[in-house]
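Once you scroll down, you'll see the structures, which are given as structure tokens.
Below, chain A partners chain B and then partners chain C, in two separate complexes.
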Partner chain A sequence: MKVTTEQIKHVAELARLKLTDEEVKSLNMEAVIEFADKLSELDAEQIAPTNHVSDIYNVFREDVEVPSYDRDDILKNAPAKARGCVLVPKVVE
Partner chain B sequence: MNLHEKTIHELSSMLKAKEISSVEITESVLGRIDAVEDKVGGYISVAAESALEQAKVADEKIAAGESVSDICGIPVAVKDNICTNGIATTCASKMLETFVPPYDAFVSKKIKENGGVIVGKANMDEFAMGSSTETSYFKITKNPYDLTKVPGGSSGGSAAVVAADEAIFSLGSDTGGSIRQPASFCSVVGLKPTYGLVSRFGLVAFASSLDQIGPMTKDVTDCAIALNAIAGHDSMDSTSANIKLPDYKSALVNDVKGMKIGIPAEYMGEGIAPDVKTIILAAAKKYEEMGAIVEEFSLPMTDYALSAYYIISSAEASSNLARFDGIKYGYRTKEFEDLNDLYAKSRTEGFGSEVKRRIMLGTYALSSGYYDAYYKKAQQVRTLIKKSFNDAFAKYDLILSPAYPNTAFEIGGKISDAVQMYLGDICTVSVNIAGLPGIVVPAGFDTNGMPVGMQLIGKAFDEATLLRASYAFEQNTDYHTIRPTL
Partner chain C sequence: MNYESVIGLEVHAELSTNTKIYCSCKNEFGLDVNTSCCPICTGMPGTLPVLNKKVVEYAIKAGLALNCSITREGKQDRKNYFYPDLPKAYQISQFDLPLCTDGYVDIDVNGEKKRIGITRIHIEEDAGKLIHSVMGDESYVDFNRCGVPLIEIVSEPDLRSAEEARIYLETLKSILQYIEVSDCKMEEGSLRCDINVSLRPVGSDKFGTRSEMKNVSTLSGTQRAIEYEIGRQSEILDNGGVIEQETRRWDDAKGENVLLRSKEEAHDYRYFPEPDLMPIVVDDEWIESIRATLPEMPDVKKARYTGELGLGDYEAGIIVGNKSMARFFDKCVELGGNVKAVANWLQGDIMKVVKEQDITFDDISFTPEDLNELASIVDKGTISITAAKKVLAKMFETAEKPSKIVDDLGLAQINDESAIEAMVNDVLDKNPQSFEDYKNGKTRALGFLVGMVMKESKGKGNPQIINKMILERLEAYKNS
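Coming up: the complex of A and B.
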């Protein structure tokens, strides 16, 4: 499948990336997608997909309180904070 | 012989006999870092002060006559995508340049509980995406055997510091070969355990269904010792296997008589350098001399493994890396118009180009209209790859192959061509897709004196057989004793 620059820009938007035309060129997504397209040669219609190699089962535990991380410790890594909260730009007008 | 040149098992015996102290070992390693790190560049950060404190605690435990682990008092380097409480964990990315985890990864906690001494955080490809450690935001690590060449990747720092005696052992992570390929390039032992054997809690996620943490060591005995220290069930990782584990040291038996070893023809094809092929065939011959039965066989689906791997791992990465949005931690752009602008600018400025490329491929493969052709198809190929290994292990105890088609390449040699870089991972990615254990052991040197490792692949949770066969090979060869001169 041949990808267009418009498609690449659309995917960048979905991924929350702002790519300049120069960056779009240097990422060379056409070649990377062509490389991924190798799979189109294979007929796997009847094959069930494997999402995970290990046996999946539910993991339950008793609903008991355990100490969590200290709020101030967690907030140390926040780029902006105020009054014990992470500071973000206005989301709702 | 200097203390920093020794193995875990040599130093552990000396510590237990009270001939030396952990502080002396740690000082020797820190001295070595001072002497050669300028050339090698294997560390993103060195934690000298806390290492010496941990060494003192280890010495006190030993002096008090406590029964201690084999890694008690031993300096270890930890890949910089594994969280270490109070020590920056950057993933070699501008995005996490200032991130200091408020908690330990499961393996970091295990290292500390066992008395291990964390000396620093090893360089890597950004977010573990790469095969040369050149995508690191901070620095390029050099191969200790030839400083003009790459150490491999993504755990290139972890491999280089062990090869250069800047750590006694290290931890790496392996999503598609990231422990095994640098082990091959730097002549160290590297183990990618079975998916689920080692907890991923606190490992910054790249591709969650493929990632595993494993040890990188100077010999096979050390590999068993380090695996004993980090394996085990963890309720914080829902994919962690809750099974009874053996003492991996008891697997170190110099006997492979009657063992059946298969060599996949697809891993020995025309893309494999002649020197590498010769060395792998010599290893096969060595196994035959030791009494194993070795034969070539066909491992179908190898042709499709690379594309399937890059689709699955990039899809999972695009989802996992969505969390880096400039809000709760990590890099936040300085100027922005609104929330969406903050997200996009923070991510665009915080991620390097290889990370962007993988996010783009993954987002594309998961996007509406393309999901069936890429992501679902790759998951179907995953079923077929798993089946081809199941069929192989009905006949063989182990699979023997190269870890990489060539020896270490020049710095700058491949970085501008992403697809060329991806094609090199042909011998390693299938192991992650199938969730199997794989080990790389030093097996020789090419005509330029660059190391070649051989890869052994085993059945799920059969690390014991891998270690046994590796140990037997090591006992009958001396490649692991040939060290780089710096």
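Coming up: the complex of A and C.
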């Protein structure tokens, strides 16, 4: 399967990766996809689709409140904070 | 050209569970910033979400109330996008196996019933809240809302006007409130909607290109936003233009929408199954136990009010539309109260106080028994309506029994004809001119005399008796 430079740039953009033109060129994405495509050679016609690799289901919590973390602890790792909030560059959508 | 509008709504309702969807932090609006957070809802690496069982039950309950099929094997998926209010950089949602599918809701459009299809209902987590600084170039992030459970209810494109869309949203809101899965407070953002609108020439059965409008958070805004968008698209089409598939943002204050993203900039969410969460398997027994918790639905209730109870369509609609009022009313009816009188009190004088005090009918200090008693002493003629209003005001203050308040304030109406006659005689003796006035066609002389007797009785005389007695005397003089 052919992977175009545009597709690589688009995926990089979605993942917020900055790639130089050299890096884009040097990426052998086709080999990666071919490797994954190997799976489609298998005949899975008779196998029921799995929604999860494990066969465990219905793992629930009861709706009971547990005290939250102290705000100072929650914000401890934030690179910037003010007024009890994490501070981020302004992004308005 | 004449166009038909085709409208579909995606409604997000925050569920009123005690805790968040994947962690045990409190789910409550209006808390101090970042005080209901833990490593799970703030997306710290290495944490594992565990699904709140109540979220599944509430979603199924909503599905049953909206006549959906319940999915027997559901799963959750990751929806990937970057935005500072979403610390994990993905939202856990449901992609191809939502909990509920293929339902419908019947709405009443000016007396005509219309069935609106529900495509699906899925569960997902809400994002946090950004507070943008006005002057600077930074934003403050409050994670309290991260992980608040949501259901997204997607309608079929069955709505044909802005008004229908508003009615659909109102109906949905009242159903969700009735089944107590969401408080649907639009002013607190617990009910929000995205709106898809497209136009097509009248008579065509092909869909036009649709736009999606975000950020609509009031009922009236829904109608206005759609009317605006229909106008915008008609103008483009009339001028030979083409509608672009794009996302627009509604600005309620300005009453217009602006372009948010074009088709080229559309998000690419790259959904994939959430590996941290196990499939949700629902069996008949579970569904039936949830079905058993469903209360009487608003449309069934309304039919009972207008049929069995004989209320008018309008007043039945008002009571049904206010859950706590309906609860109070149902209790009054159950206890054998005067249906019409109680309905009038609730929608009139009591509603006024409830609004003024910003409370619900559940918070009223007196009981349905008390209201029935008030209606009954008015029916018996013990007190006048005017006096009853005074009693009601006192009931709000003191929560005392109406009969006791009537005694304490000495409001009991004078119905004793001989006592009233004495007062009438007295007033007529003092105002002989009124007989002449009445004879000469000045009918307001009657009102004047009734007023004088009412004053004489300190407002306690039965006005009907006084009126009748004076009228008889005036007529007798006129015809003599």
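Please note the rule applied: the second predicted complex is superposed on the first by the 69 of 93 C-alpha atoms of A that agree within 3 Å, B and C clash if a C-alpha of one lies under 4 Å from a C-alpha of the other, contacts with A are read in each partner's own complex, and residues count from 1 in each chain.
The definition used in the following text is that a residue touches a chain if its C-beta (ideal position, glycine included) is under 8 Å from a C-beta of that chain, and two chains touch if they have at least 3 such contacts.
Note that this is a predicted model, so its numbers are computed, not measured.
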Just to be sure I read the superposition right, which of the two partners does A:27 touch: chain B = first, chain C = second, or both, or neither? first
Considering only the touch criterion stated at the top, classify A:51 as touching first (chain B), second (chain C), both, or neither. both
By the touch definition at the top of the document, which applies to A:89: first (chain B), second (chain C), both, or neither? both
Of the two partners chain B and chain C, which one touches more residues belonging to chain A? B
Quick check on the superposed pair: does A:66 touch chain B, chain C, both, or neither? Answer first, second, both or neither. second
Identify the partner contact of A:35: answer first if only chain B is touched, second if only chain C is, both if each is, neither if none is. first
Applying the document's definition of touch, where does A:14 land relative to chain B and chain C: first, second, both, or neither? both
Touch test for A:74: chain B only (first), chain C only (second), both, or neither? both
Same chain A residues contacting chain B and chain C, which ones? 14, 16, 51-54, 59, 61, 69, 74, 80, 86, 88-91
For the complex, which residues does chain B have touching chain A? 98-100, 102-103, 195-196, 209, 235, 238-239, 241, 303-304, 306-308, 310-311, 318, 322, 325-332, 336, 338-340, 342-345, 347-348, 351, 353, 356-357, 359-361, 363-365, 367, 370, 373-374, 376-384, 386, 418-419, 422, 433-435, 460
Within their complex, chain A touches chain C through residues 10, 14, 16, 51-54, 56-66, 68-69, 71, 74-75, 80, 82-93
Given the complex, residues on chain C that touch chain A span 17-19, 24-26, 32-39, 42, 50-54, 56, 73, 75, 80, 82-84, 97, 130-133, 136-143, 260, 268, 270, 273, 275, 277-281
Touching residues on chain A, where the partner in the complex is chain B: 1, 3, 7-8, 11-12, 14-19, 23, 26-29, 31-33, 35-40, 42, 44, 47-54, 59, 61, 69-70, 73-74, 76-80, 86, 88-91
